[in-house]
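As written, the chain order gives the labels A, B, C, D and E, with residue 1 at the start of each chain.
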C-alpha cells in the first residue's frame, strides 16, 4: 500500500524480546531491534544463526514463541502472512519462490493486485485494469525483464528468477521490505547491477536484507545488525560493526572478508 | 458374553484384513509418494491367480506363488508405465493407476468370467479354529476345533472360523516383517530421499529406479497376499476390488498417510467399530425419544430420524475420514501434514 | 426319435399355415446391465433371450404369430439415466418393444420414460415388457398401461412364502435382513404384514438393513442374528450380499433357515456350496425341475452356455407377445398392448393370465430348497453337485395379491 | 507509460471468430445429427462440457484434485428435479428454462457448505477429504430416500406450465437448444472468469500457495471462492441433467461420476481452458456410444487412458497446442506424411488388436450364440484359426510398422522442436 | 584421471555445451570459472550422467558417457550440486548415511571426521535436514558426498551462502581433500578463493572452454578476466 514513511519517531519495524523455539531448541533467543523508517539495514551472522528465521517471524511465516513484533507501532506478531503484507510489509525468499507456470508479467501482476484494491474480484477483467497493468509494465522495466515479459517464470535463468523474486516483492508497494540473500548465486557484475536495482526500488522505503557478501553489505547498508545464536549482538554503522571484535570473531573471520570487501569496492 | 467375544474377534480379524491391504498401500505411498488407486485391483488379482494356481498346485503353494506373481506384475507395471509418468508429477501417477484399475478389472473378467469363482480355503482351514461353548449352566467353555455335536445340543456353540484365525496370523506376521524391513534396512531411507531429489540419490550411487520397482512390487505383492486370503475367506469376484478399494483409502488416510503403525491402528479401529456398530439399533429418533422427547408419527417416519447406527455402519469409515481430516489432518499417527 | 421329429415337423407345418405374421421380424431391445455389479445376471439373461429368440423364431407352436424374433442388447450399466439413453437409441432404431428387469430402479425410470414418450410421440408407441423387476408399486400405485410384468412381484412371493411358513411350526422367531433399497424395504414390509396375519405367534426378533453391495463381512450380522435367537432369516438379498451372508452363517455356526428370493441367481449357488445344504430356500415362479420341454431347454441351454437358465419369464414374454400379435394380426405395439391385457395363455407352468387391471402376470409359485442332487432332483446347478429341490407348489390363486391400480388407458 | 500491454488487440479478431464458430456449432449440430439419440447425445455433451469445465476450475486452474465433484452437480440435479416436481404440483411458479439456475444455486450452496471444510486443506488432504465427502454423500443418498428417492431416484415431467412461444420442452430438440444456450453462456462465463483478478490469483495459488500469502491474499479464501464458483456451474450442469433425463438417481452424486469428470477432464487436457470441452464431448462418446458399439468398451477406455497419461499428459488439448506451435513456425506441413503414416499404421494395429479383443470377449460372453462375431462389417469366426491368425497378424504388422514410423516421427519431431527453440532464442536476442 | 573431449550437452531441445574439453589429473584441484549461465553446472551434470551428453568423457581410461548417475558414482566420482538437494525429511545423520554407497562400509571418511569438520552438523545431528539454515545445508551436502569416498569430487558453488568464516574453512578442507589424494573439480564464483586454492583454472564461456592455465596465468591475463569473468 502507498503509505509514506512514518514521519514520527515510531520505528518502522521493532522487535521486542522475541523468542522462537522449535521443540526444545531455542533458535531466536530474545532478539531486540528497532529499525527507523527509511533506513537500510543489513542483517549478517553465521550460518544457522537465525537470520532467515527472524525474517520468517517478522513476515508471519512463523509465530514467535514469545515477544512482540511491531510494524509502524502496530503489533503484528501472531498475524497471518497476508495480513502482515496488507499492513505494508513484503519479503523475498532465500530459495526462489515465484509462480513457475505463470508468465513474468502475470507474476508481477499477481504481486500488484491486492495493493491496488482488487482483492478477490471476479467481476472485472484483468485487461481492463489499467492501473494494475501500468504498474506491472513499469516493474517489468525496472527489474530489466521486459524482453522476457511473456516467458513462463520457470523458463527464466536463475538470475532472472532472482530478479523476478525481487520484482514480486516490491510490486505491492510495501514500505517495509525484507530481502533474504537477494544476490546469492549471482556473478560479480550481476550482483553489482542488482544492488543498484535494490537501491533504486527501495528509495524512501525501509529495507532489511540478509547478506553474506560483505561487499554488498558495506555498499548498501546504513546500519548493520549482527545476529549470532539467535541474538542481535550488535546493531550499528558498518564501520563500527567491522571493527567490533565480537563480530570479527563470530562471523567475519580474518583476511578473506577484508579481501572480499576490498574487491567489491573496485 | 460370547457375542462380545465373537464380535471382537470378528472385528479384529476383519481389521487385520484391511491392514494387509493398507500396509502395501502405505508402503508404496510412504516410499514413493504414489497413491496407488489400483491397489485393490492387485488384491483381486492375487485372489484370482491363487484360485487358478490352487487348482494346479494346491492352496499352500498358491499362497506363496500368487503374491510373487502379482508382485512381479506390479513391478513390471512400475517399470513400463508408472515410471514414465513419474516426471509429470503426482496427478498423472494417480491417474495412471486409476486407468490400470479399469484394465485389470476387464482382464480378470475376460479370463475368469464375470461371476464369482469357487475359491475355497484348503481342508485344513475349513471349519472352526475353536469353539466357544455357552453351557446351559451359564458358564463359558472353550475347545479347539469343532465342539462335539452332543455338547452343542443344549449349549450354545459359537465356532470361530479357521480362515479368520489364519488371516489374523498372516497379518501379524506381515506387520512384523514390514516393520523389520523398514526400520532395519537402508532401502527405506533411499526411497524417502528419492522422493525429494531422485537425481541426487542416484548421484550418490543408489540405483533408484530399481529400488522403486522393487518397492512397488513388494507393495502390490502384499496386496496379492491379502487377496489370496481375503478371496478364499470371503468371495473371489470382479466386484471385490471396487468394494474394498475406497475403504482401504479411508483406512490409510485415517491412520495417517504413510504411517504403518497408523494404518495398523486405523484398520483395527475400523474393523472393530464397524462390527460393533452393526449391533447397535439406535437411531437419532430413538435417542431423542430416550431423552424424553415425544415424536409425532410423521416425524418418526422421517428417514433421517429412523436411520440406525447399524445401517450406517458400513459408511462410518468415510465419516471418520472426513472428521479426521478436519480435526487432525495428519491422521491418527501420521507424522507429516502432507 | 424319428417319430417325434416328424411330429414336430408336422406341428410346425400346421403352425405355419395359420401364422398370420410369418416373415416379419420383431426386434426387442434388451436394456439391462452387461457391466458392473449385475453384469453376471445380465449376461445370463441376455443369453436366455437370445437362446429363445432363436428357438421360437418363425412359425412354431410357441409362436402362433410366426414372427422372427431379434434381440438387440443395450448395456445400461444398471443406471436409470443410461437406460433412458439406451431407450432413445432403441427407439431411433425403430424398435417398439423393450424388455428389462434387473433393478426395479431402472424399471421405474423406464416405465415413466416410456409413458412420456408414448404421450409425446403418438404413432411411435413403445411397450415395456418387464421380465424381473419386482417392485409391487409398478402394478399398484405406479401402474401404467404400457408396462407388463411377467415375474411375480414381491408381495406375491411373500404371500406364498408365508403360506408355507404357516405350516412350519418349528419356526418361532424370524429375523429380517435386507439390502437398504426399495426391494429390501418391501421384502421386510410384506414379511412383517403377512406374518402378522398368518402366523401371529411368530416373533420378528430383529430387522436390519445394510447398504447394497457394500458389506464384505457378514460375520457381525450373523453374530447379531444368533444373539437374537432367530431360527429363520427372511432376506431379499441377491448376488454377493446373499452368498456372503449364507457363507458367514455356515462358518459362524448359525443353524437357522434362510428364506430367500434370489438364491438361484448366477454365482450365488457356487458361493453357497455344499455346507449350506438344507438351509436355504428360494421362492420363485419356476424351479429347476419343471419337466417337459422346459427341462429340455434348460439342459440344452446348460450345454450350450455352460450356465443355468433361470429367468423363466423370458419364455412367458415370447409366448405372450406372439399370442397377442397373432390375435391382433399385427406387430403394432398399440394393438398388441390391447391384446396383451387380460391375455390368458399356456406356458411351462400351466395356464397363466396377464391380469387386465394391473398388467401383473398371475402364475403359480414354487418353493424349493438347496440340497444335494438325488434321483428325483437331478439338475446340477452351476456344476456344484447341488440343486434346488421342489418343496411346495402354490397355485396362482394362492399367491395372487390384490391391486390398487387404477389403470389409465389411452383412448 | 504507453499502452503496450494491450497485447490482445490483434488476437481479438481471432477470439471473435472462435466464439462465433462455437455458437454456430452449437446451433447447427442438431441439423446435422438429427436422430433422437444424437440429439440426446448432443445435449448430454453440452452438460458434460459445463461439468468438466467447472471441474477444471478446480483441477486445472486451482490445482485442486477433487474426487467428489459429482456431489455438486448431483445435488444440483436433485434440487432441480424437486423444483420441477413442485412446479408441476403447482406449488411454485418457475419457468422450466430457469430451473437449471436453481440447480446452480443449489450447487453453490452445497459448495459453500462442504467447501468450508474441504478448502481448508490443499494437495493430498484436499483430494482425500473430497473423496470422503463424495463417498459419504453417495452412501447417505441411498439411505435418505425421502429426498433422494432411493435407488429408483426421483422422476418428473419437464412439460409443465404454459408454453412460452410454443416451447414446451417436450421435444428433445427444444431441450437441446436450452442446454446449448446454457452451455454457451457458461463456457463464456467460465472463460471470462479465468481473466479476472480472482481467476489469476487462483492460478497463482495452484503454482505456489505459499508465495500468494506474501502478496496479500488468503489462499484459503481464494480456494473457497473458486470452489463455490465451480460448485455453481456444476450445479447448473446438474440442473440441465435433471431436465434432460427427467429423472435423477443416486449415481449422479456417486464416485463413478466424480471419477468420470476427473478422467475426461484430464483426457481433454486440464492445462488449457478448452481441454475440458473436448473432455466433455469424449465423455459422452465413450460412455454412450462406445459402450453400445462394443462390450469391451471399459477395456478400451482403460487402455486409452493409460496410454494418454503416459504419452500425452497434456491431454488432447496439449497435443493440439503442440501442433499449433509447430504450425505457427510453419513446420507442420512437413509432418503431414508422418502423420498419415502414423495414422494408417496405427489404424492397422488397432484393427488387428480390436479383432482379437472382440473375439476374446465374444468367447467369454457369448460363445454359445455362435462362433461368429460381427466386426466392422466383417465376420470373424472365433473357431477358425484363420480369424485368429489373421487378426494377430494384422495387429503385429500394424504394431511393427507403427513402431518404425513412430521412431522416425519422433526424430523428426524433436528436430523440429530443436529448431523452434533456436528460433525462439534468436527472436529473443533480436 | 578425468578426460573430457568434445563434450556436447542438451537440455531437452536446447544445446548448452558446445565441445568442451579439459583434463583433471589425480590429486589436482581444478577451478572451473565463468559467468552465470556459461554452462559450468551443465558440465558437472553431464559428467554425472544427469544431463543428455554426447562426446567423450573418460574416467581412469574408461568411457563413461551415457552411464547412469549411480554407475558413475560407483566408479568413484562424487558430486555436490549447486542446488544442495539435501533430503529434507531425513535427519542430518541419515543424510550422511545415504552418502555411503553401501551400509557401514568405511572409506577414507567416517561420520566423526565429518562432525569434526563442521561441529555445527554434530549439534544438529538428529534434526530434519529440511529445516536447517541455508549454510548448514551447504555443509551437509559436502559431507554427504565425501561419505561416498570418491576419488574425484565435483563441487558446484560450495561457498554460496556461507558466512565468510566458513568459506575459509571450506577452502581449507578442499586442501585437506587434496592432501588425502582426492581430486577436486571446483566450480566457483568467488575468484579470490578459487584462485587461492586451485592448481589450475579453466574459464568457460558460451558452452566451451576459453581459457586453461594456472591461476597465475589467469591473473596475468586481463583480457580473459574482463571478457569472460567480468572482473577488472
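Quick notes on this structure:
Everything below uses one rule, namely that a residue touches a chain if its C-beta (ideal position, glycine included) is under 8 Å from a C-beta of that chain, and two chains touch if they have at least 3 such contacts.
These numbers were taken from a predicted model, which means no experiment stands behind them.
Hopping across touching chains, the smallest step count from chain A to chain C is 2. Any chain bridging chain C and chain D, meaning touching each of them, is among B; the list is complete.
Across the two interfaces under comparison, A-E and B-E, the one joined by more C-beta contacts turns out to be A-E.
Seen from the Cα centre of chain E, the chain whose own Cα centre is farthest off is C. Averaged C-alpha coordinates give centres for chain A and chain B that are 51 Å from one another.
In this assembly, the C-alpha centroid of chain B lies 33 Å from the C-alpha centroid of chain D.
Centres computed as Cα averages put chain B at a distance of 36 Å from chain C.
Spacing of chain A relative to chain D, judged by their CA centroids, is 44 angstrom. Not a single residue in chain E touches at least two other chains.
The set of chain C residues that touch two or more partner chains comprises 43, 180, 211, 214. Contacts from chain E toward chain B in the complex involve residues 48, 50, 68-70, 72-74, 79, 81, 85-90, 94-95, 97-99, 101, 103, 144-145, 148. For chain A in complex with chain D, the residues that touch the partner chain are 59-60, 80-82, 85-86, 90-91, 93, 97-102, 105-106, 109-111, 113-115, 118-127, 129-130, 132-134, 136-138, 147-148, 150, 168, 171-172.
Remark: chain B residues 35, 81, 84-85, 88, 90-92, 94-96, 98-103, 105-107, 109-110, 113, 246, 249-250, 253, 257, 302-304, 307, 311-312, 314-315, 318-319, 321-322, 325-326, 329, 337-338 touch chain D in the complex.
Touching chain A in their complex are the following residues of chain E: 35-37, 82, 120, 124, 127, 131-136, 138-139, 157, 160-168, 171, 189-193, 229-232. Across the complex, chain D is touched by residues 34-35, 43, 47, 50-51, 74-75, 77, 79-82, 84-86, 88-89, 91-92, 103-105, 108-109, 112-113, 116, 120, 135, 180-182, 185, 211-212, 214, 304-306 of chain C.
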